[in-house]
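Note that chain A is present in both complexes that follow, paired respectively with chain B and with chain C.
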Partner chain A sequence: MAQLLSPLPGTFYRRPAPDKPVYKNDGDKVAKGDVVGLIEVMKSFTEVKADAAGRIKFIAENEEPVMAGQPLADIG
Partner chain B sequence: MKITKLLIANRGEIAVRIIRAARELGLKTVQVHSAADADMLAVRMADEAVNIGPPHAAKSYLNIDNILKAARDTGADAVHPGYGFLAENAGFADAVEAAGLVFVGPRGDSIRVMGDKVAARVAAEAAGVPVVPGSDGRVDDPEQARAIALAIGFPVMIKAAAGGGGRGIRIAHDMAEFETLMPQASAEAKAAFGDGGLYIEKVIDRARHIEVQVLGDGRRAIHCFERECSLQRRRQKVWEEAPSAVLPQAVREKLCASAVALAEAVNYRGAGTLEYLYDDETRHFYFIEMNTRIQVEHPVTEMITGIDLVREMIRIAAGEPLRLQQSDVKMTGHAIEVRINAEDPARNFMPAPGTVTELRVPGGPGTRFDTMLYQGYQVPPFYDSLLGKLIVWDETRASALGRMARALEELEVGGLATTKPLHQLLARDESVGKAQFHTRWLEPWLEANAHRLST
Partner chain C sequence: MAIKVIKPGLSTTVQDLGRPGYYHIGIPVSGGMDRLALKCANLLVGNKEGAAVLEAVFMGPELQFTEDAVVAVTGAELPPLVNGEPRETWTSFKVKKGQTLSFGFLKKGARAYIAISGGIDVPVVLGSRSTYALGALGGFKGRKLDVGDRLPVGKGRVVKEGRRIPEKLRRSPGAPAELRMVPGLYWHRITEAAGKQFFSDTWKVAPEADRIGYRFRGGKPLDFVPREQPFGAGSDPSNIVDACYPYGSIQVPGGTEPIVLHRDAVSGGGYFMVGTVISADMDLIGQLQPHTPARFVEVTMAQALKARNDQTKLYDKIKSSL
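Showing the complex of A and B:
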C-alpha cells in the first residue's frame, strides 16, 4: 500500500471541471502515471499523477484545501 | 444615502487599499475573510473582521449570502467589492441593494450591459466609439460564423460572450483551425460561464493595450486620461504605465472623449475602465471592453492626476455628485506600476506561496508600494499570486524608469520567489526604454531572455 502525497499546497480537485465526472472512483484500478486529480495553486492547475499502480482509495475530498506532503489517496 | 460603515468583500492588497480610503473618509470598516485569511493584513487593519467560510473562494469570497449576513450582523451600510471575485457580478450588486445597502460600484444593470462583451460593443457603436471589425453581436450559427470569419479575414479571435480576464479566447489563423476551435471555444465558454455564446473579432496585429479611466455619477462622466498595459504574459498584465508614451496628443483627446461619450451614454456610475486596442501605424483605436470596477493598475492614474480614485468611488456611491469638472483633471509626469507576484520567473512563473521571512519596502520620492505583505505573513496558496504593486512617479518616463530600477533594488521579499527579477530586467531593457512594445511582445522576450531569469 502506497500513499499518494500532494506535491504542492493548494486546493485538491477530483474532477477536471465542475461539470465533468471524477478522474477516478474509489476502488478503481490505476496505473503509474494516471491522472487522479488536480491541485490548484494560485489559479494555476497542476495534474496529480499516481506514483504507483493498484486500486485507489481517496483520503482528501474534492475541493479540499491541502498542504504539500498531505496524503491525497491510498494506492495498493 | 450616507455611508458610515463599509464592508470590504475582497482580500489582499486591494482590501488594504480600500480600508485606507474608507478611513480617510471617516468610515468604519468591516473586513470579511475566509478561514485561510484570518491573518491577512486587511483583517489586522480593519475595525472589525468576519469569517465568511472555508478557503475555497466559492464558499467564502463568492458566497453572497454569507457576505450579506456579515453586513447585517455588523451593521455595515455599504459594500465595496474590490476587483475580481464578485466585483462584476450584477446579481451581487442587485442583492446588496435589495438588502438596503449601498453597492460601491455601478448599478447591476450597467454591469449587465457593459459586462457582456456583445452588448458593450453594441452600446459602443451606438455612442460612436470605434470597435474592432467582427461579428455584430453573438453568433450561435456555425454557418454564419464561417461567413463572418471569411469576410473580416484571418487571423480572427473567437471569444466567449460572457468571458473576461483573457479566458476563453482562441485565435484561428485559417479556416481549418477555425473549424476545430469554434466547438472547443463554445464548450469551454459553456462550462466556465454557463453560456456558450461566442463572438468573432479581427486580430489587430502588434496592437497596444491602452485603456481610459473614467468616473461617472450616473449623469455626468469625466476621464482621468489613459494607461498603457501592453506588457502582458498569458493575457495578464505585468507592467502598466500612465500616460502611454506613444499616443499623440490629438489621438489622446479623441480616445478619452470617446470613453466619456460611452460612459455617459450608459449613465455610468462609479469608477470604470474602457479598454482599447491601439494600432501605432494607423493611429486607430478600437474599443474592446469595459471593466465596471476599480482596476489593479489604478494607482498609475492616481500618481499622474493626484486623484484618489477609490475615495471618489465611495463618495459617488454615497450619492454625491462628481466633484470634478473635466478641466480640473490635469496630468503631470509619468507613472509606472509593476506587479510583484508570488511566481518564480526562473521556473516558468510557477506559483510560489510561502512565508515572508524578511520584508524591506522601497521608499523615497515618488515611490509607492501597495501590498498585503508583512514580515511573518504566510501567503496562502488558494488565491491569486499578486503580493503587491510597486508604483513610481517621476517627471519624465526616462527618470521614472530609473526610479523603478532603484526602487526594485531596494525591495526585498525574503522566503518567497517573486517576479522582481523580471521587472529588474525590463526596467533596463532597451525596447522598454523606447516604449517599443505591443501586447505580444513580452512572451517571445521571455523565451529569448530565459537564461537571464534562471539565475
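Showing the complex of A and C:
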C-alpha cells in the first residue's frame, strides 16, 4: 500500500471541472502516471498523478484545503 | 558556469531586491517577496546581499550543477536534497559538478530562496535582475523557469560550507499571522463598526494569493458610509476616483475580500484602500500558505517606523553572527 501525497498546498479537486465526473472512484484501478485529481493554488491547477499502480482509495475530500505532503489517497 | 533545470517547480523565478523607481509609470518593484530571507541566503554563500537568487514557491525545482558551487536555502522550510541526501535550510552546503539539487515536501512557510555562490547572472533590466512575469520583463527571459533552461551563474568567492543563521534570528509569521497596518486616506469610507470588525476578524489566505496580491477571505463584509458618487468614480461604494496604489496597500473590492498588493502589483486604480501593511511585515506575507489564518493589527506611523528600525537591527545581528 502506497500513500499518494499532495505535492503542493492548496485546494484539492477530484474532478477536472465542476460539471465533469470524478477522475477516479474509490476502488478503481489506477496505473502509475494516471491523473487522479487537481490542486489549485495561485490561479493555476496542477495535476496530481498516481505514483504507484493498484486500487485507489481517497483520503482527502473534494474541495478540501490540503497541505504539501498531506496524504490524498491510498494506492495498493 | 550554468545550472540546468531538470524540473522547474510550480513557479520558480529569478529575483533580487527589486526594481524601485518605475512604479509611477506602472512597472512594479518586483524582487523577492521575503527580502530578509533573500539577503540571508546571499550572505550565507558569500554573495552581495542583493545578488540574484531563485525564489521557489510551495514546491522546489530540480537543478543540475555543471560546476562546483556553494548553495544556501532560506525562507520557507523546503528541505534541500543533494543527490537525494538531505541538507539543512539556513545553512550553506556544497553542490559538486554533476550533482543534482532537489527538494522534499514544503514543511513551513511558502517561499524558499535558493542562493548560489556567484549569483544568477541574467541581464540587468532597468536596474534589476528580478523577474516581472506579467510584463515579461527581467529575470530569465522574463518568465518563470521551465524544463531544459540553462541558468547562467556568476563567478563566486570561495566560502565554507556549514555557515548557518541561528533559529532565533530567523523571522516567520505566527499563527494566526499578525499583519500590522496603518489606516489610510480612505479609512473614512467605512463605518466605525466596520472598522472595528475589520481588526477583530480572523481572515484566511485565499488560494489565488500570489506575487501580485495576497487576497484574504472569511471576515465580515465592510459597511460603507453613504455618499454621493463622485465624478470619475465607479458606482460601487468601494470605488474611488482612480488613485495611486502603494506597495502594501490593502484594497477591498466590494467591501468583501481584502487584497494586500505585493511586489508585482499594479500601481493604481479605482478601489479604496483601508490602509497599508507596514514595510516590516511585508516579508511575512510572502511566507503565508493558502488557508493560513491572519489578522490585521492597527499601528501608528511611529510604531511602523520603529518596526522598520527593529527589522534593520535584526539584519545587523544576522550579519555580525556570520
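The rule is short, and it goes like this: the second predicted complex is superposed on the first by the 76 of 76 C-alpha atoms of A that agree within 3 Å, B and C clash if a C-alpha of one lies under 4 Å from a C-alpha of the other, contacts with A are read in each partner's own complex, and residues count from 1 in each chain.
Here, a residue touches a chain if its C-beta (ideal position, glycine included) is under 8 Å from a C-beta of that chain, and two chains touch if they have at least 3 such contacts.
Computed from a prediction, not measured in an experiment: that's the story for all the values here.
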Pick one for A:Pro7: touches chain B only (first), chain C only (second), both, or neither.
second
Regarding the shared-chain residue A:Gly69, is it in contact with chain B (first), chain C (second), both, or neither?
second
State whether A:Ala17 touches chain B only (first), chain C only (second), both chains, or neither.
first
Would you please give the residues of chain A that touch chain B in one complex and also touch chain C in the other complex?
8-11, 40-44, 65
Once bound in the complex, which stretches of chain B touch chain A?
36, 54-56, 58, 191, 342-343, 350-351, 353, 381-385
Taking the touch rule as given, give the residues of chain A at its contact with chain C in the complex, in rising order.
5, 7-11, 40-44, 46, 65, 67-69
Within the complex, chain A is touched by chain C residues 10-11, 57-59, 104-107, 110, 207-210, 289-291
Along chain A, where are the residues that touch chain B in the complex?
8-11, 17-19, 40-44, 63, 65
